[in-house]
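What follows is a group of structures, each given as structure tokens.
Shared between the two complexes below is subunit A, which pairs with subunit B and subunit C, respectively.
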Partner chain A sequence: MSVFGKKLKKKNPQAKLGKLERRQALAGYSFVSIWLVGMLVFTLIPMVQSFYYMWFKIKARNGLQFTYVGTQNLTQIWIEDPDFIQGIASYVWQTLLQVPIIVVFALIIAIMLNGKIKFRGFFRLVFFLPVIIVSGPVMNMLVSEGAASIPALNTQAVVSAFDTFLPTAVANQLGTLFGNMIMTLWYSGVQILIFLSALQKIDPGLYEAAKMDGGSGWECFWKITLPTIKPMILINAVYTVIFLSSNEQNQLINLIKTAMFSATAERGYGYASAMAWIYSILVTAIVLIFFALLGSKKDVYDRMVKKRRKLEKKEMRAARRVERRSARNAKRIEKQRKRGKFRTYDGSGDY
Partner chain B sequence: MMAQGITKEKIHRFMFGTKEKQGFLKQFAVYALLIAIGFVYLYPVFYMFSTSFMDQADLLDASVKWIPSRLYIDNYIDAAKSMDFWASLLKGFVIAGVPTVLSVITCMITGYGFATFEFKGKKLMMALLIFSYILPSQVTMIPTYVLYSNMRLTGTIWAFVLPALVANGLNAPIFILIFYQFFRQVPKVLLEAAQIDGAGYWKSFFRIAIPSAGPAILTVFLFCFVWYWNESYLTELYVKGIANSNSFWNNLVIQLKDFDSSFESRATTGGTMTSLNESVRMAATSLTILPLLIMYFFMQRHFVESIDRTGITGE
Partner chain C sequence: MAAYRGHRTNPDKFEKSQIKIYLLILPMVLLTGLPIVFIIFHAFKPMEELFAFPPKFITTNPTLDNFRKLIKASRSAGIPISKYVFNSIFITAVVVFGSLLFSTMAAYALSKLKFKGRNVMMQINQIALMFVSVAVMIPRYLVVNKLGMIDTYWAEILPLIALPVGLFLVKQFVDQVPDSLIEAAYMDGAKEWQIYLKVIIPLIKPAIATAAILVFQQVWTNLETSNYYINDDSLKSLAFYMNTLTSTTTTNTVAGQGVAAAASLIMFLPNLILFCILQKNVMNTMAHSGIK
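Up next is the complex of A and B:
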């Protein structure tokens, strides 16, 4: 039987697709082909091209003139462009600080809106509003007029308070964050909706069962709500990172654009390509960090089952060891007894 | 004695609630928190509108904080003149609308293809899709710009239309995934029945899938439109054409970006306009967001319920 099974398994992948399957696959390709062409023309080829540009100085004078310079663009960024390097540092800090704030804030609001409250529609309306109006120039206007900070919040005090126990660089970043707190919170409109619709799909029976067993609301949150919406937390975190990275409040992308059209011969397309590659590697790294932090593939139940199995295996091994040892001992005792070394009680009564 | 005891208990129950019913205190706290956060949330918008109606004297007067002493609409008139409001509004609708329509169509076709058929390399393509979402557009921006300027397409709307035509427009991966999720929920039996009745794959797509996809189409359309409308970085680069200063394609967002300089230059040549101050800038900002705000108040139900209906969060 097993031989048979093996043969089948080997044969199966090489088997020709049925007529229907082939036709289906063909239809699938025909539906996807439009996107595939676009992907090739507008993403993959430009990606390779800009990787190629990175190693050249490019002059845009009747067509592009390439001069190979090796890693000069990269070293030039590192040495001559303090704005960009500082921009990177503050971008990384801001993103790592803002993403958790936005996600946690969105979760809190979603949980509050998910409860039994009146005017839920109205509140949803309010919290989603910023999605409609956030655009780079509008944000810049509001920030420059000082409308972006919470009025009663003294940013200076916050900075000096943090300064006492944190490094100055971090404290300054926190200060910037608090200065633009409303803007940060404004970026959480879509995330609130995603959380809200995830929360509404949790089976209320789960909560009922937990309450029967005496679970409090707090426990329900940690044991039911959070594990269930964990995938959504990851989605929201990634969405937030991408949103922040393509947002015009972000100085880096503006620097890349200015470098692209810089009139000096030292900059231009090649230099900007190098910048763009550094930047995109950075963004990808941040996304990967959040994947690593939040993206455990198995859910809690699976993990617990696995843990339990491991424990069982361990116990079984220990039990087997004990058994083996006792068997060995029994054999030894038997041998010794045969030799007549000691007499054991055999239940006959005359000991 | 007895009566008092009962009332005490009642008060306690009223304040802190029972297992089944939320207490008054908790409910009060939730409402207070929501209202407070809501106010903070809307603070910039309130500030913007109230400042935009102030005249010079009100701005300088420290006693006028929120409510202007009189409704002063000259700010709006000045700002609208400087932004060339009606023309920019119309251009904005074209710049956002045309790519949106194309994007919806092509993303729907792609999402349907991924959701309905099994073919080799599908997993790889899906991975590619997500990768293209994570990849910042700055990487592909420079060669794409070179491509467009070789084809003499910078400064025209083609620079937005072409990517949308091949399902690679702004945030297209999100829309493809929305359609993918949506079409996966359409019962396969329906499509099979159509095929037994002799419909081809494309015919069953047009006859069955599209008519059932109303909610998803609406969601994608709204989000796509809003995102295209608010996108200023790429619009400035491609559609306006960063190199040519007096370009035809200026939408409101771009006008707002250059507002300070254009207002100053108009004020010096025109002579009669007021000088640039906060009120005018805020009036310009209000004018920029007003079209979408009006649209939002009419379509708000579709916006806030959209994410539920597309099943992004899984069933």
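Up next is the complex of A and C:
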């Protein structure tokens, strides 16, 4: 019996792959390899390098010259660069406010576009069209021309209206949000598309069944549409965060860029790397917030299965422990018996 | 089960119940559409209208002056504009094709095949997605330099091929392909690459179309690669050329504004054309996933 514990260890299913699994793994590696190489060479290695540069002052004088400065770059940002700190604060507010608005907008538009209306194809085209120009020189020109805001809208009035019951920072952000209404709509092209694809996959039979049972359109939306497209909401939120944080209209990106190419000894590439890392950690944090808010909680059945499995594991562990203990005891008894210390009553002689 | 009705997009008749949807949707359509109309009108504006205040939306007397100026400016340069056009088209075509191929392959492997380390790879992609691309510019330059690709087409193609956004989007769609389809193909003796070609690719066509537009747009308007990795003028892209034209002219005269407007329309048009071609695919998204 004492072998049992060892045997169980050897049977570890992860240690050796079956033929099928091995084949699949091989195919997987070969499919992924080309992409992986590109990723490593052009994205991951540069990223690691920039992390390394973060701790240096770098001068571009006949080749790059490094001087190790430790965390000086980071402290310098906090002390000497109010623009960046302010930019980051407003960026966080803006993103946290803008993402839900864009996602909800996209959802509403997608639902409307999924319904039966005339000229649906045309509407879809118009909403997706901005996606093809949201970056690059064309967009910069549009923004500088002021075509992205509505001149007739008085944002000041909106801000003061919100200011009465909200903190000023939030109210200001809401004001800019209203000012950039067109931008908000423009940024939702891909999101609308993702939502549409999810909506089209919902079985119409579900709605029919719900209608038979007397469900209203409102109820159908909350009980059928929303749960089905919930994973897509998360994807859209993540996509929106990433898009907002890495497009060219973002002033933080421009700050980093100017810091990178500034010739002064204080700034330069190491400084810019530190900025970039602070910024990307923030972006990651925001994405994590949305993950925490929207992440799919496993349904009841899954949770029960998990609980049961845990219980089984626990029982098995207990059983094994008992076995081990009894084996140990048996050994000890054996030993002691050999030494003659331990005697059992065999019915003869006196005990 | 009710049949899928996605293809007959427009209902036959106008119904009263649609009015409320129209009321909601029309203002949004107007808001979204206006800047596009603006680009088009802007290119045809004569000088005095370009600087009118408040800016006018609609051109009252359209001219082709801006385009004439643009052509004139490009004539005075040493390298014919056709060379830039060729460069841009070549680079864009290769990058779009390559990045779609690699990202669909990787997406299939990462979402449907089981092997060690795939979660790690997905995490890496996610992190790369969130990282500011500006920050890796100089290390990337060093890598490109070390590989000896400065002043070759490679420098303009390779850094753009492994874009994390494409993989992120495509993988979401591959995730939705039901496993049972793949298992069925497997039962019938299909190899992995056959599954990839005959099951996955046809099913995620709409996603590919979407990703194609995104990648195209990114590459077509990309200035950075030409700016940093290329010193030879005859290898630079059209986007870069347009940018130099407009920026050098704006520094000395206001006349550059007109050229800029014309140039931006020219840069915008290929996007529009490609979009119109792929539009049907993009819009029908995941209509036929085979299994409900």
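Some points to look at:
Just so we're on the same page, the second predicted complex is superposed on the first by the 254 of 351 C-alpha atoms of A that agree within 3 Å, B and C clash if a C-alpha of one lies under 4 Å from a C-alpha of the other, contacts with A are read in each partner's own complex, and residues count from 1 in each chain.
The rule is short, and it goes like this: a contact is a pair of C-beta atoms (placed from the backbone, for glycine too) under 8 Å apart; a residue touches a chain by one contact, two chains touch by 3 or more.
It should be emphasised that the depicted structure is a prediction, and the values quoted were computed from it without experimental measurement.
Three-chain overlay on subunit A, with subunit B and subunit C in a clash. Legend: residue contacts after superposition of the two complexes on their common chain; A:Phe31 is shown touching both subunit B and subunit C. Once the two complexes are laid over each other on the shared chain, residue contacts for A:Glu208 go to subunit C alone; subunit B is not touched.
Of the two partner chains, neither subunit B nor subunit C is touched by A:Ile102. Judged by the touch definition given at the top, the superposed model places A:Thr43 against both subunit B and subunit C. When the two structures are aligned on the shared chain, A:Ala110 is found in touch with neither subunit B nor subunit C. Judged by the touch definition given at the top, the superposed model places A:Val287 against both subunit B and subunit C. Taken together, the two structures place residues 21, 24-29, 31-32, 34-36, 38-39, 41-43, 45-47, 49-50, 53, 109, 112-113, 115-117, 121, 123-138, 141-142, 145, 147-148, 150-151, 182, 185-186, 190, 193-194, 196-198, 200-201, 235, 242, 245-246, 253, 256-257, 260, 269, 272-273, 275-277, 279-280, 283-284, 287 of subunit A in contact with subunit B in one case and with subunit C in the other. The residues of subunit A lying in touch with subunit C in their complex are 21, 23-29, 31-32, 34-36, 38-39, 41-47, 49-50, 53, 108-109, 112-113, 115-121, 123-138, 141-142, 145-148, 150-151, 181-182, 185-186, 190, 193-194, 196-198, 200-201, 203-205, 208, 235, 239, 242, 245-246, 253, 256-257, 260, 269, 272-273, 275-277, 279-280, 283-284, 287. Contact residues of subunit A toward subunit B in the complex are 21, 24-32, 34-39, 41-43, 45-47, 49-50, 53, 64, 109, 112-113, 115-117, 121, 123-138, 140-142, 145, 147-148, 150-151, 182, 185-186, 190, 193-194, 196-198, 200-201, 211, 231-232, 235, 238, 242, 245-246, 248, 253, 256-257, 260-261, 269, 272-273, 275-277, 279-280, 283-284, 287. On subunit B, the positions that touch subunit A within their shared complex are 19, 22, 27, 30-31, 33-34, 37-38, 40-45, 47-48, 51, 106-107, 109-110, 112-114, 116-120, 122, 125, 128-129, 132-147, 162-163, 165-168, 172, 176, 201-202, 205, 226, 229-233, 237, 242-243, 253-254, 256-257, 259, 278, 281-282, 284-285, 288-289, 292-293, 295-296, 300-301, 303-304, 306-308, 312-315. Residue ranges of subunit C in contact with subunit A, taken from their complex: 1-2, 4-6, 9-11, 14-15, 18, 21-22, 24-25, 28-29, 31-36, 38-39, 42, 54-55, 102-103, 105-106, 108-110, 113-116, 118, 121, 124-125, 127-140, 142-143, 147, 158-159, 161-162, 164-165, 167-169, 172-173, 176, 191-193, 196, 206, 210, 213-214, 217-218, 220-223, 239, 242-243, 246, 260-261, 263-264, 267-268, 271-272, 274-275, 279, 282-283, 285-287, 289, 292.
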